[in-house]
Amino acid sequence: MTALNSKQETVCIFGTGDFGRSLGLRLLQAGYEVVYGSRNPNNSALLPKGAKVMSYEEAPQRANVIFVAVHRKNYDFLPSLRPVLEGKVLVDVSNNLKRHEYTESNAEYLSMLVPVAHVVKAFNTISAWSLQSGGLDANRQVLICGNNVDAKQAVVDITHSLGLTAVDRGSLRVASELEDLPLQLFPLWRLPLRISAGLLGAVFLYVLIRDVGYAGAVEKKDKSFRIMISLANKVFPTVALVMLALCYLPGIIAAFVQLYNGTKYRRFPDWLDRWMLCRKQLGLLALAFALLHVLYTLVIPIRYFVFHKRANIYISLIKENKTYEFNDMWAWRSDSYLSMGILGFALFVLLGITSLPSVSNALNWREFRFIQSKLGYLTLLLCTAHAFLYGWDSFLNASAYKWWMPSSYMLALVVPCVVLVLKTILILPCLDRTLTRIRQGWEKPGKAGMHKNAKSSQPLIL
Amino acid sequence: MTALNSKQETVCIFGTGDFGRSLGLRLLQAGYEVVYGSRNPNNSALLPKGAKVMSYEEAPQRANVIFVAVHRKNYDFLPSLRPVLEGKVLVDVSNNLKRHEYTESNAEYLSMLVPVAHVVKAFNTISAWSLQSGGLDANRQVLICGNNVDAKQAVVDITHSLGLTAVDRGSLRVASELEDLPLQLFPLWRLPLRISAGLLGAVFLYVLIRDVGYAGAVEKKDKSFRIMISLANKVFPTVALVMLALCYLPGIIAAFVQLYNGTKYRRFPDWLDRWMLCRKQLGLLALAFALLHVLYTLVIPIRYFVFHKRANIYISLIKENKTYEFNDMWAWRSDSYLSMGILGFALFVLLGITSLPSVSNALNWREFRFIQSKLGYLTLLLCTAHAFLYGWDSFLNASAYKWWMPSSYMLALVVPCVVLVLKTILILPCLDRTLTRIRQGWEKPGKAGMHKNAKSSQPLIL
Amino acid sequence: MTALNSKQETVCIFGTGDFGRSLGLRLLQAGYEVVYGSRNPNNSALLPKGAKVMSYEEAPQRANVIFVAVHRKNYDFLPSLRPVLEGKVLVDVSNNLKRHEYTESNAEYLSMLVPVAHVVKAFNTISAWSLQSGGLDANRQVLICGNNVDAKQAVVDITHSLGLTAVDRGSLRVASELEDLPLQLFPLWRLPLRISAGLLGAVFLYVLIRDVGYAGAVEKKDKSFRIMISLANKVFPTVALVMLALCYLPGIIAAFVQLYNGTKYRRFPDWLDRWMLCRKQLGLLALAFALLHVLYTLVIPIRYFVFHKRANIYISLIKENKTYEFNDMWAWRSDSYLSMGILGFALFVLLGITSLPSVSNALNWREFRFIQSKLGYLTLLLCTAHAFLYGWDSFLNASAYKWWMPSSYMLALVVPCVVLVLKTILILPCLDRTLTRIRQGWEKPGKAGMHKNAKSSQPLIL
């Protein structure tokens, strides 16, 4: 049995905070020797067992890689260490508390303070907590940037030893981008959340005026208690259906733009690009509203209001000594719209599940497109049919329009119908064939000239 | 601060399509120099900033690795480049539009065209889109094959620099397999989908004849409106329960086969192997049908038909001046079957969640088996009890048989009962002990001889 | 086209069981030459094509790395191979059937048997099955430990070639820890499962006595049928709400401890640490009970008992010739508590989804904290409001207390209210400011002295 190998590498960590301690522990577990640099080398409480603590001057001497786990505002002791740090790899792991706090990135600032060292930005996207939890769970990527290839390689090696994946993101100029990452708060969700907030507000106001306002002003009845469930159950399905349609609209617009341009080698307008990029988020929000609609619908028979209304129907039926005739058409209609809704919702849940990262990663491109496109349009079709059958012929009835305002379900149908009609046009054989060729790289002869050369002569890989 | 290191490697990309552009961008971000080879080197519209474009002859000169991001049918310019490509690494990233389009794989064809280069197949399972999205999300594996170890290593190094994982799949003969992967459409789901389609069709036909057909022919009533919900809510639970049982049946058959063979070192028949491999998919489809059953059940009180039926019951109760006596047994029965169903469904959802890749990857083998086997049988038991309690004693009643056809829930119980009985036999101590020993490598003395040597003398690791 | 490169490495595997065969197949696919060592080298049935089988003496000769895929109790042939194994890397992949079966780990035992070889523990956390399934799914980590750095590196290289991630966990002393991992059965779930079992039992007993016992003893009515749904639907929501509150209580206690200590650099008591570590599991169990509560609530209108009760209400209303007056306040109350419940449950589902490994890995620290903390407290607030509105003013009513026992929903409100009140205190500006400073590394002057030096002069990175 051999003793611990003599080649063991030493890594130095400046700073004994949470991140420094967690990193040191993982490095020790991975077989590195760890030396902490500290202003007070005698204070080693809470540091992992097996690590040494030295002064800032001594600690880096035997190490090639030094992690600077200190807040940027405490970098001022570093310039005095220049002789010791010359030619060594300084890893900046720091993050700021807000974005744009400083003009240059922490790593570039560090590089100006200690120009004799090779500064690498890394590990700032990894939290102390995920370093500690380690084990089978922490399969996160370490994003790395820096100007010196060998210095980056040294950090990549350490990253791999810790069982993490390293992604080289380029030169130190990228550092400010990496430092922004941990401060982001759902950047891709902003636009979809704003759209859904706007739609929720607008539809709520509409049904509030139409249902509660009209009843108060014209019928002199206080129906404000309907806000909690009846109105909510008009707002959520309307917004869900519109947002589901909004997922598929940009793809259709893009197809028409490509058909008009006669090529796929022209950039889409910015607003279309941004819209295309947040389709997944739009769809997931629509799913959330659809779930709320399902729950609000299923509690209907438990509501006091419904219990009361039904009791009165039964009582009046008996008092008037009527028999309640069975209406076959109504049975068909009621069962059909419920059935369409259930099938549409179940497919929608399936779409949601396949957009989970671990599921979509296990699909190949063809499978992913099949689900998100074919099954997606089927979902939209079922949900639109659900709304149509729910309304049935009530749009013919004058009583459906209060103050000339149509019922909310009619508004909900506008965008989905536009999307479905446009999609039907796009899958006409003549258009579909042209579009497929364009997407394989073909260009309309007249248009190709715009790129100076007839690139269309050589279709390229998708 | 050091300038960009001089050792920076150059990578060449033939082809400026979507994939070529996305790959170039990632390579530039990772610090490589990128040179595009193009028929029209002046046309660099849309190419990532920082990349150079040259002619096919010039571009590969300074690079060791050349990515061929061009459709196979445009490979014809490559043979003329032989002198420039000699000894270099050619990475074939191409995919075809359908399977079996050509007799040999694209990579082998490329290798025949340019025999002086080392051809490596790689990156064809990665889409341009997932290269672009990059960042924290794209943790997909790059499958690699090729005949030259050094050439493969060069591609592995590039893969790692891009933050991706490389999997060496062997020699270039495997290329056709890798080229098939992106063209697959749910290969493991085919059999389960066919089974469920067959079951759905058969059960639907059965209940259609029994419920709608019988009512039309014998009772002269049109009950066709029942198709939308009442029949659907018989078809889905029946298929769900049968398919859940079909998940566990192959494991039981395999156990009996092993007991009969007296060894685990004999291959199962092919049909059993195929069946075992799609158990997860069978179970997930069963879960989908169970979810539909739950939704169809919960909308019952909202249906017009139910509202009408209940109104008539209330009216007739009052007209006949009866008091509605409370039947304690009926209350027990109704509540018990609902309760069993709810618990069974909740456990079923738990099984579904643990089969998500990211969840099952976080479990060790023992935990996975505990959930999928122990909790799985508990789910089957609860769901079978749910169906039994639903039927109660109605199977004794002649009116449950129309045209001698039993109710669909009775059919649903056949397979689950067989599975549960066989499982009960298997956990009898005497059989269980033998089976455990067989699975640890023990072989029945008489049977072991079939492998020439008494391997049973040395049990091997599971 | 070049032939297979001559540098191809040879790997030896002792043992031809399931694991040995699966590993050999993967190694062959990755381009290694594989030689099996076997007591009976003529018996090569079931071994992967392309592998050789030799005697234990011959097999290791050309290989540097030898996998020992044999049960520990069969290690006794290894000491006789010492001359052949000298200086080679022996990889111990073995697992035991139960924990603490032997005093020292299998790998350390192997190292004592063959001291001339470098023993590395690895691959024991990977199952034969996940090696076989391979492809896009098996992104599991290989945990490695050993005393020799070069030996470990050789195993790391093989791991990478197989497309797996290697995590170096340190010296061979860690081996017993790695050998325990595959034998664990949900270690983090034990405490939460015990807490929930205790709560379920206690609340069930409470409502059993209060509802069924009281009715039997005082009202002389047999209400035991209520156990299946009515009681279950009191037990599950109570336990769900209490456990949701228990998720947030330890964080609040920790904040008060830090405020009292005036520093974050002091360890929490052990029970608090354990509690903090299982918050996720507590929350997921609470979500499971909340789902059961939702399902039990939604089946209410299908129950025979409810149908009977409603029929009697309608009949008595008609017999007494009453009109059923609409009570606006009751409508508000009924709709509000349902609405709060639905919104709370939907948010709870969102929390559950973000705790899936693949989703939480895609979030940065700030996003994760936003969801789990801000949205978590909002969920608790909504669910508590749901319970309050459900009860309304019934706590004022003497009939709500049977045998002086309050209704179960009142018990359910105790812990959530405590948590919400304490949290409100903590977000008071004065306390919040101090707490934020403490969490950024600041220490109360009087307390800092406890660590000998004024470390507070240098706030450290989080």
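Residue numbering begins at 1 within each chain, and the chains themselves are lettered A, B and C in the order written.
Operating definition for what follows: contacts are C-beta pairs under 8 Å (C-beta built on N, C-alpha and C of every residue); 3 or more make two chains touch, one makes a residue touch a chain.
Just so it is clear, the model here is predicted, and its values are computed rather than measured.
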Interface residue overlap between copies chain A and chain B, same or different (over half shared): different
Chain A onto chain C, rotation angle from CA fit, given as a multiple of 5 degrees: 120
Whole-Å gap between the CA centroids of chain A and chain B: 24
Residues of chain C engaged with two or more neighbouring chains: 125, 136-137, 139-140, 165, 298, 301, 314, 318, 356-359, 361-362
Chain A-touching residues of chain C, taken from the complex the two chains share: 111-112, 115, 118-119, 125, 136-137, 139-141, 143, 147-150, 152, 156, 165-171, 174, 265, 267, 294, 297-298, 300-301, 310, 313-314, 317-318, 323-324, 326-328, 330-336, 338-339, 342-343, 345-346, 349-350, 356-359, 361-362, 364-367, 370, 441, 451-453, 455, 457-462
Interfacial residue positions of chain C with respect to chain B in the complex: 1-5, 7-8, 15-20, 28-31, 39-40, 42-43, 45-46, 69-71, 74, 93-95, 125, 127-129, 134-140, 160-163, 165, 181-186, 222, 225-226, 228-230, 232, 288, 291-292, 295-296, 298-299, 301-305, 307-308, 311-312, 314-315, 318-319, 356-359, 361-362
